[in-house]
Amino acid sequence: MTNIEIILTIISLIVLIVAGFYAVFKKDLIHAVVATSVISLVLSLMFYLLQAPDVALTEAAIGIALSTIIFIITIRNTKRFEDK
Amino acid sequence: MSSLVILILIIAGFALLSYFGHSINKTAGNIAVFAAAVLIPLYWFTRVDFSETVSFTISGFQMELGYNMYGKLFSLIVMILSPLALIYALGYMKDSKRTGTFYFSFLFSILGMTGILMSRDFISLFIFWEIMTWSSYLLVIFLGKDVEKTGIRYMVFSALGAYAMFMAIVIIHRNTGSMMLNDYFNAFGNFSTGTKFLTGILLMFGFALKSAVMPVHVWAPGAYSNTPMAYTSVFSGALSKMGVYGLGFVVINLFAHANLHFAGTILAWLGAVTAVLATFSAIFQDDAKKLLAYSSIAQLGYIVTGIGIGTELSIFAGLYLAVLHAAFKGVLFMAAGAVERQAGSTDMTEVTGLIRKMPLTFFASLVAIIALAGVPPLGGFVGKWMLYESLINNGNFLMVIMIFLSSTAAFLYSYKFLFGLFLGQEEPEFENVKEASPLMTIPMLLLSVFLMITGSFPGIVFKYIAEGMTDLGFHDVNWQMSVLTNAWGDSVNLQHVTLSIGVVFVVFLIFLTWKGYKKTYYVSTKDISSSGEVIKPEDNMTYSTDFYKPFERVLHPILKRKIEKYYDEFGEGIGALFDFMRRIYTGNGQTYAFYVIVFLVILLVFSKNIFGY
Amino acid sequence: MQAFLTYSIYGTALFLMLLGLYAVLMKKNLIKIVIGLSVADSGLHLLFVAVGYINGGTAPIFSPAVAGTGTVMTDPVPQALVLTAIVIGFGVTAVALALVVRLYRKHNTTNIDEIKNLKW
Amino acid sequence: MKNVIIISLLGVTAYYLLSAFVSIPFGEDFINGVKDFYLNKSPEDLKVANVVTSIVVNFRGFDTLGEVTVLFLASTALGSILYRRRSSHTALNPQRTAPQASTLVQAGAKVIFPFTVLLGAYVFIHGHLTPGGGFQGGAIIATGFLLMLISYRKFFVEHNVLTWIEALAGTSFVVIGLAGLVYADNHNFLENFLPAGELNDLLSGGIIGIIYIAVGFKVGAEITGILDTLLTIKEAGLDPEEN
Amino acid sequence: MTDPVYFIAIPLLTAFLLPLFGKIYKPLIGIIPGLVFAFTAYISFDLYFNLEPGKPVIVQMAGWAPPWGINLVFGEFSGLIVSLITFLAFLVWVYSYNFKKVGFDNSKKYFTLLMLMVAGSIGVVLTGDIFNMFVFLEITAISSYGLTAFYKGRDSAEAAFKFLLIGSLSSTFILLAILLLYKQTGTLNMAEIAIKSQAIDPKIKSIIAILFFVGFGIEAEMFPLNGWVPDAYSQAPGPVAASFASILAKSGIYALIRVFYTVLDVEGIFNLLLTAGLLTIIFAEFTAMRQTRLRRMLAYSSIGQMGLIMVAFSFNTKAGVFAGLFLMFNHAVIKTLLFLASGFLTYSTKQKKIRDLDGFGKIMPFTSLMFGLGAFAIVGLPPFSGFWGKLNMLTATADSNLYLVIALILVVAVVEIIYYFKVIGRLYFRERHEDVNIQKPTWNAVLAMSILALVIIGVGLYPDFITDYLAKATNELFDKAGYIKHVLPSLSLN
């Protein structure tokens, strides 16, 4: 790995953790879902960095778009906010 | 094919036949049942080859069927009592519903008993034992009374007993590599002490449970009295003898021969205690069926005592009592059933004065009661005589006292039974009661004839017992047709006794008839003089009400501590524990997930201990 | 550096996974629980790919530029496995969300504590 | 309190798992296993440039069959979870709850949609050459449909067509696999029975390309079906059938 | 010779095509799955009975020999289980073929899911590749979620959600374990892992073993991982609950024993399995006793049986495995019968309570008889097949010198007797409630139940019908070297 890649990796890891916290602890479910989508995005970047373009593409298509959208559809059919 | 297998198949076939016969129509079913009652004993007496053995291997376990003389003795009980009870049932069950199920279970329990007595290995013993158990369970709950309590209690205790045996069996298999009874008996001496005790005690527990020994007798009163009486005669007469059968070979073949006499002694003590306590409980029952049920337990207590002592004479006495008990308890339960059917109840505070309505039933009961009470000239006396002698020989004087106490107390309930149901004033409501149908009276009378014969010729039973005892290792057992002797030189010729008592009886009867016939007049229970106190119609003034009130007052403190109560409390406690346990399944999916993680973490933390790396 | 990367990447992946599990165990909202499952899956996928990585390796594709040059390639097997895992995870998520919708329509709530008609 | 317990439980788990994972450091070529065989055989025997594809479709093609099944299963399960007893009425006039999107979005969607589909098709057709393949392509196509579904309230996917595509694509996967039993050299399920072609050629890889196309169609149809099911569910509120 | 891949390929093919059949002619939706089940049952029996002793049929996928390709192993052990699964699946189809309650459109989904569940279970049993096993396990699991939530108007969604939650944890753990295994051995083929696993660092190996244990334990209904079981069993449609007991749980326990007997070489796991099995028995049976709903009671009883099976397998002796297989057979057949019978018994009662069944023996004689027979058999009363299973189980326990375990099993058996006989007492010896309406069993349900009853009685009277096969399967399971030799002729266990 080149240095740039390493730095990118580390940044991605940090973003992953932050987004993970956001996804788990945010009361607004739409925000949480967007955070999972961010996780997927960063993950797909990381996959690319880790020389796994196939996986990156899959994660991008499924994780970023489709998963997120089915979550959002469900949230719209139920409740947007977590109870206290 | 072997005659033994054919016997089993015949019984099973008749069971199915009567089931399907009854589902077609009643007559067809009854014909099948009657045929079974005739043909099964006929086949057994004429065709079965008692020297034959059948062995086969199933699922890797060797199994063997074959009679020995000891089993044959008990088979005799089954084969005489059950057909009579079946014929009786034809009359008794005439108007009931679901008779198909009844006869099916009845015949299957006969199958079970027959099988037990011809099993020479533990597997078939256990299989037939279980068949007997579940078929009798179906009969216990047949009337739908008290299903939850009595039925379940019966099944739980039976299962406990059976599974104790089961455990013993697998441990035996582990130690001998074989399932044959004989291999076990032969190898028993070489077992370690722990294994000896474990297997012996477990087997003993299983058998003792079936013979209703304290403190595991609690299933018996309910089960005996809730079952249709047609079956109870077999239940108490023959089925409980299976326990005696097993106790016989456990105590004798194992403990006596391996010098572990004290196990037998404990059993004998338990039997004696059972006899005393059950007798006292019987005295205070108002329901004739309950009374007989407790009386059965008490009688089984004597038998167990006899077996438990383990000397030649005591076993002889025990087995003789077992045969007699089958006969007289058979009659008594049949009589109670006849009364129940004809008069509608067996509650002795309601039903009275049936002697004129049901003279045959009364006569049979009278004979049976005399036999039960152990009074000369009938067979019970002979059994008691031998039992006392064996106890005295053995030096168990306390036990003699207990048995004596119980025998004496047995008079009380015998009297109560006879008086309550048959004597006393006639109630107008029983005006139209008729004698039971011949289908019911004939079996009773046949059995009472048998009882009368054994009074003067006990030898006809002794013969089989003596043969049977050779299989328990007692050779050349002495017996005489109708003379009782004892170790210290007395002897009683039973024929003389019978003759003399018979003469006295006849003379007395003639005297009574001559003296008192004309003065007899009938009164109802309410037709009494009262001074000051007015009798209301709802007052129960039958003779049997509070029959033994004074005794009851004295004995109440002892008897109120019913062992059932402890079992019930135990059961409730267990139930509460189970209720607590099932709260683990909280219904919250998250909690389940939490369990998963906890389990994972526990395993991870202890991985070093589990995998030992 | 190597050790640092090892710990940081594996650690982050496992952390993400356990964060998801935390949501599954602690969050009362059904959708949050499903989000937790999906986050846990993401962590797992990262773990798979990270395990397959080889220093200096290229993507396991013999494009004309690479073919025959004998370059080191990353391990393709975990990548193939994770492809399957992602698709399976998507399927499970879809089913879970459909169930959430059903549950919401029946109980009018998404709080898992209020949905326990079946117990004991 | 519960928080603490769970965090500590998870912490213990993390400790053990991490200790297991770090035993062999990141990025080291440690495994002496099947991967070398795959890296050798894929370009040589199968003439497939993308080794992941050759693994997914050929070496471990059976997994992929299972994977396709999982998606099919998910869409069926979704149908079975969200079905309505009297679906015949609502099927005629299904209501999508989404509000009408703005004109800009609609216009954009209309433009983007064909390109998305094309991109998806490209991805799965070139699955054996470049990164990507059936799943990715199918997912991309589904995204295109998703765009249309949320932009236009009246855009309906023809269920008949979806059913046919689904069925035929799945069937062709299995049938190609079964054909291997008959035509291929070793008579194995999913074995290649077509000429392998040249490396980095579009028509290389034998049945791999065909299977990936089938997978692409199947995945696209399944995911579109899933989205459509989820989008046409009734508006929020208690369901009378449930209670 | 039949290729074992048909067991999986044909149900999948049919599942994909089923919607099209439905478009041609609606009733085909009901008929085609039956044909498929009949066919798979036929070929599995054909293949199983013609198996050369000691020579499993091994097929490789895509022409790549193991360990590079995925292989299927149809040996005496896996073949036995596959035959059992296909046979019971066929009977479940016979029972549920005219599924009137929901109409054909929805029964299409039902049959598709059922078929995929069966195919998945068969895949789990046949496959020789650990990741492939995971994939099939997921197929089984997802179809089970769908089937559990199939009926509306019950708490089925709740049950399915719990199932899904726990099932997802299970798949997470299994995936982690597979990843660790791959990292350690570089292969996914079970035979090759079996060779290489001896060299794995024992610490890591123990973690792998624990992850597998928990993951498969969830499917095998192990305590305390079985919270989903009673809910799923009680809310799923009757035949589905039957197939959960006979198919899903079987594939779970199969995976568990395959992994620990063949693949991983860890001794300590067997004590763990024993403990877990005993806990499972105790908690399940004791909980079952206090149940008021029939299906829930059966579900807990089913868990208890699975615990017994685990205990049997935990002895790691031939007698134990033999007994375990016997118990598996019994549990599959008898529990299926019980669930099928309970389906009609509780058909029209809203609450599905046991006390609603008073006096049903009179009005539903056949179904009640079948239930009674099943109850007699499952508690191990002779002369039904349950007895032989229990006998073998207990002799195996005694051979392992675990006398306390015998006592425990027997005490629990008493508890089992109590709750089953309570139901029988209610069915036959109680007056029925007023205005009960009942659903007469359809002819196909009667047929399915009769076949099961015949099997139970037949095996009960003459267990040697199956003991030979069980013994062969036992030997095959213990012949680890043989398994490796057949799968990987070039390598061998050192």
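Going by the order they are written in, the chains are A, B, C, D and E; count residues from 1 in each one.
Rule of thumb we're sticking to: a contact is a pair of C-beta atoms (placed from the backbone, for glycine too) under 8 Å apart; a residue touches a chain by one contact, two chains touch by 3 or more.
This is a predicted model, so every value here is computed, not measured.
Any chain bridging subunit B and subunit C, meaning touching each of them, is among D, E; the list is complete. In this assembly, B is the chain whose CA centroid lies farthest from the centroid of subunit A. Farthest from subunit E, judged by the mean position of CA atoms in each chain, is B. Geometrically, the chain at the heart of the complex, using CA-atom means, is E. Of the two chain pairs examined here, B-E and A-C, it is B-E that is joined by more C-beta pairs in contact. The geometric centre of subunit A is 10 Å away from that of subunit C, both derived from CA atoms.
Annotation: 29 Å between the Cα-based centres of subunit C and subunit E. Taking the mean of the C-alpha atoms as each chain's centre, subunit B and subunit D sit 72 Å apart.
Subunit D has its Cα centroid 19 Å from the Cα centroid of subunit A. The residues of subunit D that reach two or more other chains are 6, 10, 13, 16-17, 21, 27, 31, 33-35, 38, 50, 52, 60, 63, 66-67, 70, 73-74, 77-78, 81, 131, 135, 226, 230, 233, 236, 239, 242-243, listed in rising order. The set of subunit C residues that touch two or more partner chains comprises 5, 9, 15, 21-22, 24-26, 28, 30, 33, 47, 50-51, 53, 55, 57, 59-61, 73, 77, 79, 81, 83-84, 86-88, 90-92, 94-95, 97, 99-102, 104, 106, 115-118, 120.
Multi-chain contact residues of subunit B (touching two or more other chains) are listed as 582, 585, 587, 589-590, 593-594, 597-598, 600, 604, 607.
The list of touching chain pairs reads A-C, A-D, B-C, B-D, B-E, C-D, C-E, D-E.
On subunit C, the positions that touch subunit E within their shared complex are 17, 21, 24, 30, 33, 37, 40-41, 44, 47-48, 51, 77-78, 81, 84-85, 88, 91-92, 95-96, 99-100, 102-103, 106, 115-118, 120. Of all residues in subunit C, only 1, 5, 8-9, 12, 15-16, 19-20, 22-23, 27-32, 34-36, 38-39, 42, 45-46, 49-50, 52-53, 55-61, 73-74, 79, 82-83, 86-87, 90, 93-94, 97, 100-101, 104, 110-111 touch subunit A in the complex they form.
The residues of subunit D lying in touch with subunit E in their complex are 16-17, 19-21, 23-24, 30-35, 37-38, 41, 58-63, 65-67, 69-70, 72-74, 76-81, 83, 85, 87, 160, 163-164, 166-167, 170-171, 174-175, 177-178, 180-181, 184-186, 188-192, 239, 241-243.
Against subunit B, the residues of subunit E that register as touching in their complex are 158, 161-162, 165-166, 169-170, 173, 202-203, 205-207, 209-211, 213-214, 218, 224-225, 227-228, 230-231, 266-269, 271-272, 283, 286-287, 289-291, 376, 381-383, 387-388, 391-392, 394-395, 397-399, 401, 403, 406-407, 410-411, 413-414, 417-418, 421-422, 425-426, 428-431, 462-464, 467. Residues 21, 24-26, 28, 33, 112-113, 115-120 of subunit C are the ones that touch subunit B when the two sit in their complex.
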